[in-house]
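Before anything else, here's the structure in question.
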Amino acid sequence: MKTAKAAVMPDFHQPLEIREFSLPEKIEPGAALVKIEMAGICGTDVHLWKGQLPIPRPIIMGHETVGVIERIGKGLETDWTGVPLRAGDRITWSAGMLCGHCYHCTVIRQPTRCLNRNAYGISFNCDDKPHFSGGYAEYIYLRPRTAIFKLTDVTPEAITGAGCALVTAIHGLERMGISWGDKVIIQGSGPVGLAALTVAKSSGASTIIVIGGPAARLQLAQDFGADYTINIEESADSTARLDQVKRLTGGYGADVVIECVGFPSVVPEGFEMCRDGGKYLVLGHYGDAGSTPINPHVITRKQLTVYGSWASEPRHMAAAIDFLRKQGDRFPFDRLVSHRFPLEQANEALQTTAHWISGKSVIVP
Amino acid sequence: MKTAKAAVMPDFHQPLEIREFSLPEKIEPGAALVKIEMAGICGTDVHLWKGQLPIPRPIIMGHETVGVIERIGKGLETDWTGVPLRAGDRITWSAGMLCGHCYHCTVIRQPTRCLNRNAYGISFNCDDKPHFSGGYAEYIYLRPRTAIFKLTDVTPEAITGAGCALVTAIHGLERMGISWGDKVIIQGSGPVGLAALTVAKSSGASTIIVIGGPAARLQLAQDFGADYTINIEESADSTARLDQVKRLTGGYGADVVIECVGFPSVVPEGFEMCRDGGKYLVLGHYGDAGSTPINPHVITRKQLTVYGSWASEPRHMAAAIDFLRKQGDRFPFDRLVSHRFPLEQANEALQTTAHWISGKSVIVP
Amino acid sequence: MKTAKAAVMPDFHQPLEIREFSLPEKIEPGAALVKIEMAGICGTDVHLWKGQLPIPRPIIMGHETVGVIERIGKGLETDWTGVPLRAGDRITWSAGMLCGHCYHCTVIRQPTRCLNRNAYGISFNCDDKPHFSGGYAEYIYLRPRTAIFKLTDVTPEAITGAGCALVTAIHGLERMGISWGDKVIIQGSGPVGLAALTVAKSSGASTIIVIGGPAARLQLAQDFGADYTINIEESADSTARLDQVKRLTGGYGADVVIECVGFPSVVPEGFEMCRDGGKYLVLGHYGDAGSTPINPHVITRKQLTVYGSWASEPRHMAAAIDFLRKQGDRFPFDRLVSHRFPLEQANEALQTTAHWISGKSVIVP
Amino acid sequence: MKTAKAAVMPDFHQPLEIREFSLPEKIEPGAALVKIEMAGICGTDVHLWKGQLPIPRPIIMGHETVGVIERIGKGLETDWTGVPLRAGDRITWSAGMLCGHCYHCTVIRQPTRCLNRNAYGISFNCDDKPHFSGGYAEYIYLRPRTAIFKLTDVTPEAITGAGCALVTAIHGLERMGISWGDKVIIQGSGPVGLAALTVAKSSGASTIIVIGGPAARLQLAQDFGADYTINIEESADSTARLDQVKRLTGGYGADVVIECVGFPSVVPEGFEMCRDGGKYLVLGHYGDAGSTPINPHVITRKQLTVYGSWASEPRHMAAAIDFLRKQGDRFPFDRLVSHRFPLEQANEALQTTAHWISGKSVIVP
């Protein structure tokens, strides 16, 4: 029986270990066995490693992955968009699987909150068969109904460089809606902030101000189309930042403010940056970072609308791949991939991300 | 020169005093001199009296008023909806006047935040001519472009009983949107809560739960169509209330939660009462009651949308009057008028409202 | 082997015949065998009989059905809303079955246009097992994933009286959106028109005008809450009707016009009945009745928005049942059931509907 | 008393004549006298000349104009966006003036249908003072409350090249809404089609197909970002065009189809080009070109939404100028200006436009 290697997290806070599991001998109808080419390390993986979400252990993490189909199950004849699929094709896939039949999928139509949701790299104990359900490994076994996408004219670097930040931003901005001509402020210049910048820019935002740091990331923001950047190291005072954005938005504040930081205290500051009747998107709080004092009167008086958005659906992945293919020159996400590690150094890859050393770290098994 | 009396607030926290002012001798084109029949005391008047908003003094308060046209300016031939208007007609009017030309009126279309907004009973120093610009008086002088509405088949009690709570609720629920069949929770059973109840009920809400007190107001909520009420005196624990509303909403929480309390701490509790992807309307925070700890992660994870709404436009008043006329039997707002005072007891009227003694206090000059 | 009877349509335009089929011996997991109590005859059945849609033959028609579970498959433990389900329960179900996974279900989220859609009474050849897939029969076999609803405090008459007209109206008005306070015109007083009336009325429409006939149906419209009715027999001239509705809507036309007739020529007339910026819903054109001259300039100049809506989803059925349960007194759909036939007279039942003799005909097997 | 020249249309179908009128001696508060630099000839002017809209005569046409302030009225201290304004500034302005107070402006919020709307170049008899109310002249007198925009870093060619086509497209696409990632078909490659293309492209459309001709205009469409073009001269058959667009949109049709042709028969063809649940914008029917057979069943079955949009508001002009300033390199509207005429040849300018000879003709007085 053939085996393959994976980097396994035995428990929270434990170093990843290389373990060997037997590969499945039989591929179910609709499933596929995929040889992994590149697996992105997401900031969420760091949160998982720290135990901030209740996941099974031991686990193979990794939910931003590109690979090549090695064996393909019966009936899996096309990818999620209808493109023919066969062994040898380079693919990526939506980490999250939706049931399509629960209350959240069908009644309230919030499929990202599917009651039966499972996600590769997050939901599966790797001691259970088929073992390979995360990206930090030589192989992954894609279950039936996984939303698979054949990759043509898009590099693994573009896919992992964009990572789940891009689909998260696409979903969030869809929920909130950007109007053509909007003045937009983005709080944060990390992966989610940059991804939100590209979606806002390509949605017709007339002015985009990115508030963040350090300087290198703000340079990247400008390369990606930011009209103005505010370095929080230079403009450390909230009042000063407010004055700046008011001045840059004609005195009224921004039509739209997008939070991509993850620190609760930026939220009330962001409310002040909105014009009356403006919109605010809480996009950076995937993790629970606790509470902050917020004054509800501000929401009433300014007639704000505040949006939340969780994860993404397969259709957002389809849109993301199309976007990377067509607008990769304008928004070169592949340039974000700064560090590459073999599978044996998965631990180092994770720590590089944890310590904000890399633009984007990837594992190349 | 003819004079008339008004109850004047000399300054914050000072008892109202009866003063006499000269009535205008000439009525401008488009203006009207109105003899007041009934003036409602709004909870906001209490906030004004306490100095919680920066208004001019001395002032004649009163922004929920019904009167009869005594003299009518040239060119004022119809009311705001096109109905012919003449001396002797009973009318009410929108307290707030919008310019129709500023950035907020025309570009971002948030006219309730009109940069040139003035409101009867709130914005005018009564030492300045034409003196009579508030409801606590024998007369009021309505400036040109005031949105006037002729009253037919609607009593002054219905108009003042509904007061600005109803137009506030109409505007707020318009901003948020209620879907036919929604399960709705209303936090608060005061005037705004009851008004929100009537709008939600008549918008097709399938289930409405009102959380508030005391028992008499909850009884009123049931008379107005609440399916369930939760008495906060009996169910003083947040966890218990959450359990109750989860149970009453099929385990998922409400589609819509409407805050009509004005205490900041009810907001995070209300977030928990929403289903995933649900909507939350901050409607009760007209006054600034400070901050409360709120966790932005909840907004993200539950995919909430949170709405704010400020005051109302004349078109909401038009809709409110139509509603009172047609559905007054179903929603008997006139029954809320519990205390009547002559102008000389305006002070007592204000204090009765301040101490929550009355359903609704009105001045009958 | 046990058998049961069904009224079968051998081919288009052929009289229905009573045939006997063997009942399934085994109930799959998730499926149910249901003894039929009442089956509604829908106007669409007449269109099917006339060959206006390409359906398989022979077929058992009937897509508005109530029955009692006789045998229940393993795993079918709750209805679609989570209510426990067992043999002996009275139920109804969504005729249409959605896959939850195709392009229309997941990408563009138009599940009523599901690419794998099947509907009881419409899609299944009754020569194929399990034979019983329509309502005109003693039994029906409900396949796994059918959206079943347990009926409590709702009569079979209310369910079949509302029929698929109510869920169609709920879906259509959801797509278009009714704003609280809207002035609404409904073209047509048949089942769809009356259903649209109830949804519009309970959504907060301030004024509803129903245009149709004959007098008895307009009386029903008034009983269901129409503010005004216009009898097309008395007001046969389009210009006269336009004058009437303009007068009843303050001179500007209606905010919303809902087409529930199915004759193409009413559409351009309805455009003229809309106010500028108004909305028009084409709801009555489930069948293809051909083209009519329409002037696109009217859509531009009046800034209209025109909506189409097809069939309904299970969540609309859930909402409909809740509505019938709670507002059955206000909107007594059960009163529409005017003619009852035994299964042997299914043919007569169909012809009574075809010739507009009945309010609603039902089969009671 | 000083005089100036204008090209006057004496009556429908009559050649324009140069006439001289006295310039106003006094400039009202809020008004301005402007020396015209460039005036665009709009296709609508041709329709006006042909008598297709009931306008006063004699008239000075011209509603797309750039000029320099010569004398400025008291109180006119800033432009519509708050930028300081003084004599010598180059400006443009919204041709249409809205009252901000009528039913259409305030109740139903459709200000482009303002009941008191007037437009320069369309609504004013030039025999009446102040005579100069259109662009085909040496001067124009801008009344108080005209929405004036100071031009910085935008050429007169860009403003007139974009003309009212761009603001019309901005308004239309705002009404309909483009979603990021939408597949868009544009019917027509004239000025409105190209303008719609730029707005759709910059709103995040993933694929844009332009159907039109001749080849030179399709080349321009490609320069402006069209992904595919279909030449109606080569693909003259409706079925062939449908096949092509289905193929280019993955087999399902487009998410959005925008009509920019003005021939009624393209509308039903466009409906077929929409995917199920898709959107259709009737944008090219500013003139009344009569009716065409349309099948309402298609709207129902495909669940289409069809939008109309009329003219534009000042805020759209503000957005257009900002767009031309920032994205003029990507969308070089100035290149459309192909023919220049002195005022004396206004007649020739009009005829060049009438006979589709020019990209865009302008008068340079």
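Structure notes:
So that you can tell them apart, the chains are marked A, B, C and D in the order they are listed, and the count of residues begins at 1 in each.
To be clear about the criterion, a contact is a pair of C-beta atoms (placed from the backbone, for glycine too) under 8 Å apart; a residue touches a chain by one contact, two chains touch by 3 or more.
Quick caveat, the model's predicted, so the values are computed rather than measured.
The set of chains touching chain C and also touching chain D is given as A, B. Of all residue numbers seen at the chain A-chain D contact, over half occur in both copies; the interface is built from largely matching residues. A straight line joining the Cα centres of chain A and chain B is 44 Å long. If you average the Cα atoms of chain B and of chain C, the two centres end up 41 Å apart. Each of the following residues of chain B touches two or more other chains: 82, 103, 109. Across the interface of their complex, chain C is touched by residues 82, 98-101, 103, 105-107, 109, 111, 145, 313-315, 318 of chain A. Within the complex formed with chain C, the chain D residues making contact are 103-104, 108-110, 112-113, 175, 252, 255, 259, 264, 267-268, 275-277, 282-310. For chain C in complex with chain B, the residues that touch the partner chain are 81-82, 170, 173-174, 178-181, 199, 202-204, 206, 250-251, 319, 322-323, 326.
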